[in-house]
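For clarity, chains are labelled A, B, C, D and E in written order, and residue numbers in each chain start from 1.
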Amino acid sequence: MGTPLLSVENVTVSFNGFNALDGMSLHLMPTSIRVLIGPNGAGKSTLLDTIIGHVRPSAGRVVFKGHEITRMDEYKIVRRGICRKFQAPGILDNLTVAENLNLAARRHRECWRSFSVGLNKEVRAQVERVLTLVGLNDRKHALAGQLSHGQKQWLEIGMVVASDAELLLLDEPAAGMSHDESAQTAALIRELAKQHSLLVIDHDMAFVDQLDAPVSVMHMGRMLREGTLEEIRNDPQIAAVYLGRVKEVSVA
Amino acid sequence: MKKWSALSLDIVLLAALALAPLYLSAYHLSLLGRFLALAVLSLGISVIWGWGGILSLGQGVFWGLGAYVLAMHLKLTGLAPGDLPDFMMWSGLDHLPAWWKIFEHPAVAIAGVVVIPTIAGGLLAWLVFNRRVSGVYFSLLTQALALAFSTLLISQQAYTGGFNGLTDFSTILGHPMIDPGFQRNIYWITLGVLVLASIACRWLTHTAFGRVLVAIRDGESRVRFLGYHPAAYKTIAFAFGAMLAGISGALYVVHVGVISPAMVGVIPSIEMVIAVAVGGRSSLTGVVLGTLLVNFGKDWISSAMPEMWQLAMGALFILVVTALPQGLAGIPGLVEKLVLWSKGKREAKMADQPAIALVEKD
Amino acid sequence: MLELEGICAAYGKSRVLENVHLSIAPAESVTLLGRNGVGKTTLLRTIVGLHPVSQGTVRFAGEEVTHSAAYQRARKGIGYVPQGRGIFPHLTVEENLRLGSASARKGEHNGGDAIPAHIFELFPLLRRVPNRKGGVLSGGEQQQLAIARAMVAQPKLLILDEPTEGIQPSIVQQIEEILREIRTRLKVAILLVEQYLDFAWSIADRFYVMRRGRIVENGSPRDSDPASIHHLLSV
Amino acid sequence: QDATVKVGVLHSMSGTMAISEVTVKNATMLAIDQVNASGGVLGKKIVPVIEDGASDPAIFSQKAQKLIQQDKVVTVFGGWTSASRKAMLPVFERFHSLLWYPVQFEGNECSPNIMYSGAQPNQQILPALQWAFEKGKKRVFLLGSDYVFPRTANLILKKHILHDGGTVAGEEYVPLGGTDFSSIITKIKMAKPEVIFSTLNGDSNVSFFKQLAAAGITQSQLPVMSFSIAEQEAKAMGPSLVNGSYAAWNYFESLNNPANKKFIAAYKAKFGANAVLDDPMVHGYIDVLMWAAAVKKAGSFDPNAVRKAATELGATSSPMGQVQFADNQSLYQTAYVGQLQPDGQFKVLWQSKEPLRPDPYDALAFPGKHCVIK
Amino acid sequence: MGHAAIIAGQGFNGVSLASILLLTALGLALSFGLMNVINMAHGEMLMVGGYLSFLATKMVHGPLAFPFALLLSFAGAALLGALLEVTVIRWLYGRPLDTLLATWGVSLILQQAARSLFGAIGVEVVAPHWLEGSVSIEHGLLAGLSMPYVRIFIILLTVAVLGLLMVFIARTRWGLYLRAVHQDREMAQALGVNTRWVDLVVFSMGTGVAGLAGAALALIAPVTPTVGQSYVVYAFLVVIVGGLGSLFGTTLAALLVGLFSAGVQMFTSISLADVWLLVLVILFIQFRPKGIIYQRSRAMKEA
């Protein structure tokens, strides 16, 4: 075992006395996938919020690439190599699809480096590549706000891909996608894992299955169990709080 | 195609302005000159509002800073050695404050015109944007700032000339301002500054900076989560706008020969924004035209029917905002839409136009 | 209950719905299927009254409602769970629920203000956090709240746009049961858009498949070949 | 040969100053009519070109330039605030034209291109002080709107109060249009003055008097001497509010002289029987008459010739009494102190023995300064 | 006057100023805080209320004159607000900065209209007899303190209006609808709320309250065409400092501003007190960018 890319250590986040995260820990190795599941309100999205600096933990710390990032500004954390897809699509509605991707793909985000007129060739190529990858090529110049819900999901996945950050945080990437599309997304994620680390949240067990990665289960702001999906499925406690009566997943 | 027509509009406009001394009377030329000076300010507003989505209702402050700095210089150069400006004398001061004295040197004054508003604007913006004070809050805060600024100027009569402001200048850089030739020269200089400013704006908005600015306008947090620091971008944009405002104020003083608190307060600040809205906040050519149109309109209506001016101006804002949110710059689009609409009415009947679910590729 | 005839709709210049015919009988459960971006949400919005139709008619409970405002349709008994949930972020859970009965005419169910107890039985989670602001709920919590809120109004037709999105599996199962229950017991008609086929199939009496703004297939799950449906939904 | 001559009339017809300036404009127009009716000047009919200064100094300067450059007027009547006059001054100097300025002001200015017919400080505020001291009221509270005239007037007053053995009980300013006087009234109560000298402008007066009354302070306990409340303002405020308070001017509508009777009759005939007249209006009126007389005397419209001729006209009777332009281009005129009556008119309590020589630079406050016009 | 009396007197003045600011700001708290409409013509609604109260006291005499004036100024300003909502505001929901510009135009027109109708010099509303005079303390620690009845009346009126509004917003069904409409117009509609009607009622209630404020203000200051301008900037500051959408915050902010001004005015001039006030506000915003009381949200758009 090498050093983890990301370590979340005993993080507690509380809102008016309610602990959304309650001593949560998680370690993530480079170039790996970790799936995070757990009941609604377990604190999964809050964990991502904490990693990216959107909420400040009251205890614990977050370490990324050996540096503590717990109390840094969001944009500084992101610049260190983290990119996140939000649960409700977080795209820029009044920019075109291509512009959204451009913004994500740019390498130099400091203000003082933004005064050049032309678009970097690499960036442009990257955007084109991603457009094809997420199937939005012919909607390139449409305003992002005019996409359907599923298309927005794809666009945001595209932004994460375009960012090429070392750590990619995906909050329910398969939500609102059809079976085929989830499968496509899963394949894409597995491909990305060759060079990146991914933390993926989803409730779709068929999709999780396709990711073929270790699963962490959160419950009430804490880590409940880690293991393979198979192990998780067979855990009666998880069935009780999360999965419900276990059903055969139909693999189409 | 669209680009070309826009460019040719710019060229026609520039030619018309450049040739103005040939066909305009001395008085109208002097009006045009002062309105062009204001257009420099409008360009700045356009960048921060049209691109950055930041509506400042306090541009009068930065405009006023530039104007006052230059006016202080002009006041000092018109003085006999050892003399005090008249208002200092009658307000009970017996020597020139040091912070006045430094503007005696033209280089310091000119630097001050550019630098002081920029720093003031930048500082304010940095304080406020870093704390994520957004749109409407910022607008109202800057409005209060404009009020405070003019109140402060009025109350510090001994140092600022108070309500009267500063006026009665004789020479600038050794040139008597009374010279007829001076008027023409200052017109050229103003036009030159305007052209430079508009090139600078065009450049700024076409860089990555401009695109990030637009993105911030659309979704500041999202942009932050992509690793950009919105406050930095907004601060630079705002400082740039403040700089243009300061330059504009200084030019205006040279044209008009007076600066007073009444010209920098809440109402003038809003009027500055209105001119930009009328032109079309995110069209650089539009805002220049808008500024000229509003100001010439004001001059004309207030001569023809003084009581009507406020009514006309009021009606204009309402009309522009509700019917023409893109201002003058939106007129071509509106015409196009109307044409399409009348055509579309016919076409709609031939219901075989394809739906646009384009993702699907069969 | 609901009849759509020749519905066309557009965003600006681009047509999104083409001549859509669709009908739902009282207490019938209908599923609308289709890939991303084919116009499902748009169709639902035209029914609810949030998007204008350029041609065609919408009839609900025997009355034409093509041009009536959304709130009027809601008062006639159309309940709506939108895609993206539509939770009021600064209202508490309880207030969000109370708004569900905004469509109730005065005097109908218990003065309009009280929230029927069975709602909390169906969504126990909501009982725990009645004073939490809607905006801070987790995605799944919001989804549950949205469904609960639509049910508070006791609609005659319940329209759900991907209601299982972001909901944990055990609750998806519960929602499935709830929907079946309100259809059979409360005789509420259901129009469901769903990507999760298993779920859709288990509830639907009939289905429609959309493609590029048109209905290309309809039938009942029992006498349709799953493979051909699946083919229609794939790339 | 053209049988007309153009003059400019430049006042605020919009904005905050409109209310005051419109009446001055009316009086000016009346005078122009009268001159025209009596055959014009040098055989030419006067054609007024009216412009709106919009209560904005920059606009005043712009419109002044327009009148001179574009309309080629031979002279301009107008301005009210010192700010507007200051803004116009360079324009008149640059184009060698002549402005007739009708309002009391703070002095400290003397331009060959302006005829100052309004009171200089020694013709309004200082006589009022003299009167107060004569009445034994030597503890003075200075209250003004925050602009140049009040601040400078108070500077001069302070010197004289101290010089003459009085006390300055306090000095306060309210932003123009300000309406909250609660703190100031507290300060007044703490300072215990014997008289308040008020250079408050316009609407602030209403608030001030109302709040003073509500605080239980009456005119008999603590009189207020105002320098900006004339008949117009008193009428609008409702005379009952300011009843019993004092004012100092160079003209009151109640002055009993034949010229005034004629003037009032003519004005009411033209602008309605309800019209009231006051000091700045009369100045706006006589400015035109003096200009016409000066043109006749000079035999020319040339501003240089006219201004010289104006100072050589000699004493003239006017609605305000005998007036005459001094060599510093300001007006000899009589100072009056009046008390406001329930009918909205002022009862004259005191007047200077003779028309006072105008002195732009108060010798006590600005020693060594003189106005010399060549 | 002893020190205690002066401090108490300025405290009273501060509260009185606060109550006027609050009365002005309450309408804004509705239109701006809850509907996100920046109504620059709010000040003119004040003015309209003032003039209506002036007319009312001319039309009716006797003890009922002033209550009638209050009623008329509320109703008149509310009606005008309704007209404004239908003709202008309605088209601009969701574009707050545009509402600012359009309503600025409205304010210019209303000012000019007032100037044409009533003249530019202010008109005066004579306070009813029962509001003349003041509570004066002659003896003891607070000797010399006097509190004018009009100011006491305005404070009480403000408290009453504040109370009614708080109940309306927090407790009634309409208050719920109003908040819902502001947060998600479409969804509110889809739930059966007649959003147009809600908008109309709430907006005109806001302007109606401004009308009341105008009538109250007329008791201590003249009604002029520009009377609104001098208050509206401060009223907006109060709403900002208080935090959008919280009447409680607005109240605290008004008290803060009122007491601060009354205090600082004693040591410096009114002009400088205004300048210091703004400095204070900018500093305050550093610590509480969203005002004294604000609502958190996880939604990114609002973060």
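Observations, loosely collected:
Definition applied: contacts are C-beta pairs under 8 Å (C-beta built on N, C-alpha and C of every residue); 3 or more make two chains touch, one makes a residue touch a chain.
None of these values were measured; they are calculated from a predicted model.
The minimal number of chain-to-chain contact steps leading from chain C to chain D is 2. Path length between chain D and chain E in the chain contact graph, taken as the least number of steps between touching chains: 1.
Taking B-E and A-B together, the chain pair joined by more C-beta contacts is B-E. When each chain is reduced to the average of its Cα atoms, D sits farthest from chain C. Chain C has its Cα centroid 50 Å from the Cα centroid of chain B. Inter-chain spacing, taken between the CA centroids of chain A and chain C, is 28 Å.
One finds 43 Å separating the Cα centroids of chain C and chain E. Averaged Cα coordinates give chain A a centre that lies 47 Å from the centre of chain E.
Shared interface positions of chain D, defined as residues touching 2 or more other chains, are 14, 146, 173, 175.
Residue positions 54, 86, 88, 90, 151 of chain A are each in touch with at least two other chains. Residues of chain E in contact with two or more other chains: 112, 115, 269, 271, 274, 298-300, 303.
The touching residues of chain B, counted against chain A in their complex, run 203-204, 206-209, 211-212, 214-215, 217-219, 222-230, 232-233, 236, 358-359. The touching residues of chain A, when paired with chain B in their complex, are 52, 54, 73-76, 78-79, 83-84, 86, 90-95, 99, 102-104, 106, 109-111, 114-117, 119, 135-136, 138-139, 151, 159, 163. Taken in their complex, chain D has these residues touching chain E: 14, 16, 18-19, 146, 172-175, 177-180, 182-184, 186-187, 189-190, 202-203, 206-207, 210-211, 214-216, 232-233, 236-238, 241. Residues of chain B that touch chain D in their complex: 25-28, 30-31, 34, 86-87, 89-92, 151, 154-155, 157, 161-165, 167-169, 177-178, 256-258, 260, 262-263, 299, 302-303, 306-307, 309-310. Listing the residues of chain C that touch chain E in their complex gives 48-50, 69-71, 74-75, 80, 82, 86-91, 95, 98-100, 102-104, 112-113, 133, 135-136, 149, 153.
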